[in-house]
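Structures incoming, each one as structure tokens.
Both of the next two complexes hold subunit A, though its partner changes from subunit B to subunit C.
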Partner chain A sequence: MTTMLLFPGDVVPELPTPQKTNTALKVGPGLTYTPPDKVVAHRVGELHVDDRKCAVWMEGNGKRYIPSLNDAVIATVLRSTSDSYILAIPSSTSPAPASIQALLPHLAFPQATKKTRPILHPGCTVYARVSLANKHMDPELECYDAESQKAEGFGELKGGMVFNVSLGMARRLLGDGKKIRQLQLRARKAEGTEAEGGEISNGMEVLEELGRVLAFEIAVGRNGRVWVDSEDTKVTLCVGSCIQKSEYLTGDEQRALVREALRKL
Partner chain B sequence: MTDRRRINGPSDGTTPIVYAGVPKAKQLPPRAPDALRKIFLKTSLTPPATGSSFLELPSPAPAGTPTLKLTASVYGPRPLPPSAPFSPHARLTAELKFAPFSTPHKRRGYVRDAVERDLSVQLQNALVKSIKTAAYPKSGIDIFITVLDCEGGLDGDDDDGVEVGLMNVLAGAITCASAAVADAGIECVDLVSGGVAALVRRAPAGGDAMDVDLPAPVVVLDPSPADGGQVVSAAVVGYMAGRDEVTLLWTKGAMETADQGGDELDLLMDGAITTATAVRLVLNEAVKERLLLGIARSRLKKEGGGDVLMS
Partner chain C sequence: MPKELEPSTCEKNFVLEALKENLRIDGRNFESFRELEISFGEDYGLADVQLGKTRVLARVSAEVSKPFSDRPFDGIFQITTELGPMASPAFETGRFTEQEVLLARLIEKAIRRSNAIDTESLCIVAGQKCWAVRVDVHFLHHDGGLIDASCIAAVAALQHYRRPDVSVDGEKVIIHTLTERVPVPLSILHIPICVTYSFYHGGEVSLVDATLQEEQLRDGDMTITLNKFGEVCQIAKAGGLPIGALALLQCARIALVKVQEITAFLQKRLEEDSAARTRRDNLLESTAQNAR
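What follows is the complex of A and B.
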């Protein structure tokens, strides 16, 4: 399977043909659809086509995070107003004051009332979900799961340490790599070249390998921040540095890196 | 008795500093009029910037020959300060600065001068049409270009012809800034690349300067101030190859337009567009190189790496 790279202004050469008549074509980020059948790339990236879901999207690796609905992010509390907290959503390169500001209403916590709301102080790290993303307005955050209305891991992150990774790496850590891997495996199967081309990494080997030996807590924000906590500071630092180093490594190299780090620990 | 109110010189005197002479620029091997110089372009070299790139022309340059070296860094889209008025589009600012040591024979000041301001505005105009500013309301995108080294040819024009140094700087800056914009992942409709072409009249070998029969000027792509010959007129374009659109045109010198019965302007523009199209290939390769580095994780083989050279 060859990688298809597109540059701004390039036209997507072949669009997936819907298998059922009533499926609409889904055009993902980085692409713009011009009727009747032209899709133009507006960003540099790798094109992915999913025939089954009839979807096209671009996978790139930016440094600046733009909020979108239902993304889990790691944000920092700047201050509190009468009914909401003002948070900064930092990207991997931007310091907190130069980042996007977001609102986290006081009542956007599971079972929060005016009297029983969690108190967050300026500087706190919060793991939250984007509940409103609109390019014209400041994004809004929530600290509970949309379906179950329970915390599900969202809320203040106490202790631990936050590490920076690129946006592409953060997406892979959250499992997007697995989807792409499945797509590629399916494409190979269709071409009948399963044995060739070597192993395809899902970008998460580092976490799987670390989790087998060490005990730690981790939260990954789509804004390129990774929060790690464990009983031992040494373990926290080891996990963080392994994740940061594994950005450009293949699956086998990631495993080797973790083995080396564990030996030194 | 020394005067306490003035700064006195040292009592024992000093000797004036003697500088080694400026080495003469070596003569480059002659190029064919339609041959372009090789470009070195690499992205993501400034860690704090959202996107950045470095351009060197020509590359590899023999020691002692003048080169053009530029860095571009893009910051943003970042929120505008609260004091800024509301803007439904992203506000793009481009700033071009010559480093004090960039020009041969002469140091430049730190304060922005008229030339730098003029080039900044042209650069901004060339880029703003390619970026989807409507996608980022209330934000600012800042592009900073630093000229680290330039080939000279920055003096004013005279009867002897026009100077193409500034045009080369502008074309390089457009290409370099586009690479940085693509590296930053900012949405844009197309990438802009810069190209220069000039009408050059070369003196016939062994001919008398006062010869009445001057040779007809020929279109030279990517002219260098070190090439020699009398540059009659020159043009620089910012060109979006994917959409076949010109975002910027700057011409210098005397040329005949179509309504005067000549086609010199068209020749120059076509030449500059040809250059820009070729430069776009280098731009694509440079951006691709960085992208493949990230994609390589999923294949066992690492692709890319090494210099991007235009052949």
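What follows is the complex of A and C.
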């Protein structure tokens, strides 16, 4: 698989053909399907093709976060109304809250009733999942997992610090890089060029390396915000700055960066 | 109107707590600037200043106009600063916010009223014709420290600018094009640089060159404008936390070191630029000769 750079308006040249008869082509973010047989990019990025799943999507580094279903985001409470909280979902690069305001119903917490709901004050940081994302409506959030109906880490984030990273980096920290890496490895295997090309970074070596030595809590929002908490201010800062600095580094460079930072700590 | 989002409670607590432990979020000292980068444009009088993520562009232009009737021997010099949504979505065009007015006044006081430019040298024919020099400051990205960055950008652009040469023959004034005669630099008397301090924890902590996040959380701020000779051009402190005289002296002393560093860096960049220009001009001339 060769990665291909597409600009808005470019037509995807080669689409994977479904292997089974009853599967259809899956068109992911960044691409628009124009009947009968054209798929056009609507933002800039790398084209990724997964032949097995018969899916195409774009991987880019946009500036503004646009909510989509089931994304985990880190949002800030603005105010409370009679039945829901109003939250801002700030993107890492655009600080104005009016860009996106989201609704978090008072009862959208695990086992919440009118009496037992958690009280969130304006300024609180919340880790939540997007439960409704339509084009012309305010998005809605929930603080429980869709399947298990349990908290699974969602809810108010107390203490700690929120760091900004780019949207692409946030996705990699959540494990998207691993998937892409697997795809690339598989493609190399198919072409018989396994030994060439060197190591492929999954974009989160920095976390693996930090986690080996330091004790900290972390939550990554797809809106480009990373919440870090630990016992010591210095550790929190170290983790935050390592993540921010590692954006454009390869796996080995990331490991070296972390070792260097730990030595200074 | 989108208002700037306040830092959340946990960010606020963390930043203030870290300051107590002598730590800044970006790992700087309390008394150090972010990484400064100055670059100049193809034309004369275009300076692009990057201070960390903050980015400011200043453009100098000049035209011939009539001097004010009460000052027949002086040229006209003005600075315009406008905060637009390009810098941050929280800014709107055409509406003067308090921040914008303060910024414009501060820059005006720092550069124009401290007589950084010798306006008398801009006079061509007394009472009839003079140069009107204007500096347009554009804000490209806002991450705190707008005052410091725009002041550096404005003085850098002024130093880089060359106006066309003029010759006066009685009543007749001839403006020579840039190719006809070597353009002349503006006569600059001194180079004022602003250093902004932010105060926290009742004045116990003072930071130089705060980022946007730190600016939003500060208790008070103060801007000192100095030149490299240690002459104070202005001290601006619009409200906020009261500061003792000793603390103020201490701030001014640190500011002087910073101003000297910045001036030296600016000078270095200007020399590099002029060297590159000479090299390019020589190259151009030689190719023309060869073609003949």
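Just so we're on the same page, the second predicted complex is superposed on the first by the 260 of 265 C-alpha atoms of A that agree within 3 Å, B and C clash if a C-alpha of one lies under 4 Å from a C-alpha of the other, contacts with A are read in each partner's own complex, and residues count from 1 in each chain.
The rule is simple: contacts are C-beta pairs under 8 Å (C-beta built on N, C-alpha and C of every residue); 3 or more make two chains touch, one makes a residue touch a chain.
None of these values were measured; they are calculated from a predicted model.
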item	value
Which superposed partner A:123 touches (first subunit B, second subunit C, both, neither)	second
Touched partner set for A:159, first subunit B, second subunit C, both or neither	second
Partner chain(s) touched by A:181 [first = subunit B, second = subunit C, both, neither]	first
Touch count on subunit A, higher of subunit B and subunit C	B
First, second, both or neither for A:168, with subunit B first and subunit C second	first
Contacts of A:106 with subunit B and subunit C, given as first, second, both or neither	neither
A:90 touches, of subunit B and subunit C: first, second, both or neither?	second
Touched partner set for A:222, first subunit B, second subunit C, both or neither	neither
Partner chain in contact with A:10 - subunit B first, subunit C second, else both or neither	first
Which superposed partner A:234 touches (first subunit B, second subunit C, both, neither)	second
Doubly contacted subunit A residues - partners subunit C and subunit B	94, 98-99
Residue numbers on subunit C that touch subunit A, as the complex places them	1-6, 8-15, 17-18, 21, 23, 25-27, 88-90, 212
Sites on subunit A touched by subunit B in the complex	3, 5, 7-10, 30, 40, 42-46, 60-64, 93-94, 98-101, 135-136, 166, 168, 177, 180-181, 184, 197-201, 203, 247-250, 252
Sites on subunit B touched by subunit A in the complex	47-51, 76-79, 88, 130, 132, 135-138, 182-191, 240-243, 284, 287-288, 291-301
For the subunit A and subunit C complex, residues of the former touching the latter	76, 88, 90, 94-99, 121, 123-125, 157-162, 227, 233-234, 236-237, 240-241
